[in-house]
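So, here's a batch of structures to check.
Across the two complexes that follow, chain A remains constant while its partner is chain B and subsequently chain C.
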Partner chain A sequence: MSSQTKTTLNWIGTFIVMLIITMPGIWVILSGFRPLQEILAKPAIWIPQRLTLDNFRAIFGIGETQIAIPVVAYFRNSIIIATTSTLVAIVVGISGGYAFARYRFRFKNTLFLGLMLSRTVPGIALSLPLFILWARLGWIDTQFGLILVYVALNVPFTIWLIDGFFRQIPKELAEAAEVDGCTRWQAFWRIEFPLAKSGIASAGIFAFLTSWNEYALASNLTRSTNSKTLPVGLTDFIAQFTTDWAGMCAMAFIIIVPALVLTFIVQKHLIAGLTFGGVKG
Partner chain B sequence: MTEVSLQQVVKRYGQLEVVHAIDLEIRHSEFVVLVGPSGCGKSTTLRMIAGLEEISDGTIKIGDKVVNKLPPRDRNISMVFQNYALYPHMSVRENLGFGLKIAKHPESEINKRVEEAAEILGLGMLMDRLPAELSGGQRQRVAMGRAIVRNPDVFLFDEPLSNLDAKLRVQMRTEIKKLHKRVNNTIVYVTHDQVEAMTLADRIVIMRDGHIEQVGSPLKVFDHPNNTFVASFIGSPPMNQLSGKVIEKEGVPHIDLEGNLTIPVPNRARNHVQVGQQVIVGVRPDDLTPEGHGMSDVGEIVSFDLSVSISEPLGTESILFSTIGNNEVQGKMLNPRPIEGEERLTFNLSLDRTHLFDAETGQNVLGHSDGSN
Partner chain C sequence: MSVLTNIKRKMFSEQATPYVLLLPAIIMILIVVLFPLLFSLYTSFTPYKLTRPDTLWKFVGLRNYERIFTDWDFWVAFGRTVLFLAIVINLEFLFGLGIALLINRITWGQRTLRTIMMFPMMFSPILVGFQFKFIFNDNIGLMNNALQSLGITDQAIPWLVDGTLAMGAIAFAEIWMSTSIFAILLLAGLFAMPKDPLEAAQVDGCNAWQTFRHITLPYLMPFAYIAMTIRSLDVARAYDVVDTMTGGGPAGRTELLWTLIARTGYDSASMGKANAMAYVSILLSIAFTYFFYTKLVAARRYMGGAQ
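The block that comes next holds the complex of A and B.
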């Protein structure tokens, strides 16, 4: 077999595998741009006959429409909650990861193990205790309540990932910087932080995606436009007797786009990050 | 004037004491090498001078200033690390200028000093490369450049050559020595390689298990080792050590070695040993030579026959292996000729150059040399 046919076969194989993996996503996005009749047609219409923006008009309440979903409020909530919780998780992750990588202190291993074990608890198992606790504290249906939950979910992961990165940076670099005239703090910001950047970026994108996509806990802890996030907002399309699939798919598209864009932006770091941090972690 | 002075300096990690109350005075513009086997505390000592390790007790002074509590940046030192510790995300130029930039020197001055250092070390072509794009020797040069750019009071070197191959190591060794001649700053240099120590140092500090065993010029520690440890550590191949007992023979003290060999006690040691004392006789391979193949000015000599089991030709000389009693000994053959099988040769032992140590304490029977030259 010539190398050219080999490459061609590789491409065809990759294409088929990718098609299978991305099919549901593609279907959701396509459905967002198709009229409901076409989506529900039996037998299925595989190739879209007519593309339309009507579904988007409908959810934004533009023109003649029956359903208006407060999608802007949901979007705002999602952005605020995901961004804030990611920022906090990253800051805690950097400090924690650095401490675990560089310092010796009592109960270090136990603490690290505890953080990792907390990851083994399925998030949904926490929903009832969290609900009761949050209800008593008056944090139900607040952005703050959800931010706190997401920070707690993400911090063990960000610490773990960032710790792995700092561990790979020889400690002599910071020492050399100190001898060169840096304070401990300068040595960190000018030498160690830039070198761990790709790890921090990967930890950030993961934390963001987790918060952005989370549904189960958000659906329990939110009530109204005060704090409802986009994934929870999707259920607004399910009425007692009908489900507006077209509208739901259009909104799903709105949810997917920012995550996709963000992932593309940091993709280079992400690949470097996952292969680099993954080895030693 | 920048002296470095260590007074009763102790380092403990929890209960474990790794450096035991050492005293050391390093003079202005002196090149001092700390040498010893791994785990002897030499690197810890250097790091305490740098301020990268806190001292547990005692006093460290740089110049007139007690620096016990000062962070590294306030000590006006620079350091070359074993793994070079170049900043991987900065070009050679940025690496060299980093310290000056942190100290907020004006850009024009930074450029000038960086160029100067680059010229001294021949880094001109490499200025815009990243450390990952440099060879081991080039990285080593950049690390040295980064150290000299800041013109510190004291240079600290932590095994800077141990990651280089043998040929490059010899070359860089010479460059370091030239560098010292040129900049003339005080240098404290750590190595486990006694050849490096001998060739570079004005004074050598030999350490073992957190103690200083001897301080002195290379020739002093070579010619007058304080104890058997220094004797075996300095010099290559190492000094032969033969155990024996002082006896009286024909009214003169002799040493009865294993293997039916008796040699007179060297003149200079006669008043320092007693009959019946167990001693260790130290003989360097250079002072145990086959007849006609040794140095000419050897003074008082004892001759005996030994059979040679192995010879290692090195060109200008051969190392000969033999045994005295149960001890393997090495001798040196200058102007060598091939050795056939187990040849039996007459060896000359230069008595004036033998060293006598007390078997129990391992200390030189002539006492210790002081810390000066």
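The block that comes next holds the complex of A and C.
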């Protein structure tokens, strides 16, 4: 086989792979902008005849066709819960990550392992005791209850990431600042924190995405518009008598957009974060 | 010196600082993970039913565990889960390797391709489940529409209604969702790979397959194990996918351990029994992670020895 044919085959293979990767998502997003009749049509209409924002108007309750699912409230809950839990997880993560990066102390490895192990607990397994306990504490179906859970869910990973970012900053920088008369806190706040800022921001984006996308715990710890998030709301459609595919696709689009934008911003860090352990050895 | 300043000094002394810094994290994990898990361990020794709160205080020893270990439905779900994970993770590795090798050969637009490759990682499991529920819908789904338009079949193939097909569709969704992790890590491995051993192998007369089998692949294995370790941390994400796509049906034919736990705990309200199952699922997750982690350590040691 000549190298010319090899290259061509390589490109064809790559093209097919990329098609499989992108097609399903594009199809869902596209369907969010199509009228329901066109989605349901038999035989299938492949080239969209008409694109419309009606599905979005319907789920946000501003069109003539109203639907019974309070997407606006779910959207608000998702934003509040994901943002708050991210901010708290980041503060807790900076504090913990700094401790792991800069100090030697007893039980360091045990603590680190313990934190990471807490991440292996399947969401659904954790949801059972949380459901019972939160019900007793009156935290079921509250934003607070879910925020607390998401902070704990995100803390191990943010600590792990932020620990890595602080390690990359030479210790000598802060030590030099201390010699020059800074307190330890000043040295951290003026020297080390600014250097780790972009890494911390990406850790924050990961935390936000985890909270934004979480389903197993949210679906069991929330009940109403008080605290239901978008992923849980999406399954409201399934429970209905007839599935409103167009509405669901529109809602899927709303869930995916922030995730798409944020992942795009951190993709460099995402790849670096993923491969960090591999290259460093 | 007052007691307060004494405590303050202790808190900010060099030895105590790391513990103080870690305190918020430890408290959070205690409240949300550790204490609930101890509570659920206790609950698994009671016949606790949500509908009868007083049963929480009745201790029955290992009866829940005895019951689930003699329960055929549990073993079927357990076996299906392990088999499903084994197949799915291996296929993800193979496809990821294939994709990494494809993209590695391409000299133009690599970055863009890598960005496209991350597309599935932006989708939450719940969205992946919904997306494939839509695509595999027997009536209006992309899959059947395409097959019918191409004239391959005029039937509506019941992708999510037939047990075997539904399991295949779920596996497809899982693989679609997670192959990128493998592809990205293996591609990073290919980028980082030193060129000298490859050239030396060529000089020594290795053919392409031998070079790949004995040089490239061993070099890539640590990267593959990192991907598997990362992946094994979130195997339970399959719950979201299955819950949206089939809900464990038809007639329990796609029931995985996690959906069975949810059904036992929330639908049948048998929290005691569900918590016993949950402990089995936790051990399974830890076993998977531990297994790949030791593989990772071993692969790294092997690499270290080779260098």
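Everything below uses one rule, namely that the second predicted complex is superposed on the first by the 234 of 281 C-alpha atoms of A that agree within 3 Å, B and C clash if a C-alpha of one lies under 4 Å from a C-alpha of the other, contacts with A are read in each partner's own complex, and residues count from 1 in each chain.
Note that contacts are C-beta pairs under 8 Å (C-beta built on N, C-alpha and C of every residue); 3 or more make two chains touch, one makes a residue touch a chain.
Please read all numbers here as calculations on a predicted model, not as lab measurements.
Legend: residue contacts after superposition of the two complexes on their common chain; A:Leu146 is shown touching neither chain B nor chain C. Using the contact criterion defined above for the overlaid structures, shared-chain residue A:Leu195 touches chain B, although it does not reach chain C.
Using the contact criterion defined above for the overlaid structures, shared-chain residue A:Ile21 touches chain C, although it does not reach chain B. In the superposed model, A:Leu126 lies in contact with chain C only, and not with chain B. By the document's definition of touching, neither partner reaches A:Ala203: not chain B, not chain C. Note on chain A: of its two partners chain C and chain B, the one contacting more of its residues is C.
In the superposition on chain A, A:Cys182 makes contact with chain B only, while chain C stays out of contact range. Across the interface of their complex, chain B is touched by residues 170, 172-173, 175-184, 186, 190-191, 194-195 of chain A. By the touch rule above, chain C contacts chain A in their complex via residues 15, 17-19, 21-22, 24-26, 28-29, 31-37, 39-40, 43, 48, 50, 98-99, 102-103, 105-106, 113-127, 130-135, 137, 139-140, 142, 145-146, 148-149, 176, 180-181, 184-185, 188-189, 192, 222-223, 226, 230, 232-233, 235-236, 239-240, 243-244, 258, 261-262, 265-266, 271, 274-275, 278-279, 281-282, 285-286, 289, 300, 303-304.
Against chain A, the residues of chain B that register as touching in their complex are 50-52, 71-73, 77-79, 81-83, 85-89, 98-99, 102-103, 146, 150. Taken in their complex, chain A has these residues touching chain C: 7, 10-11, 13-14, 17-18, 20-25, 27-28, 31, 39-40, 42-44, 46, 91-93, 95-96, 98-100, 103, 105, 108, 111, 114-115, 117-133, 148-149, 151-153, 155-156, 159, 209, 212-216, 219-220, 231, 234-235, 238, 245, 248-249, 252, 255-256, 259-260, 263-264, 267, 270-271, 274-275, 277-279, 281.
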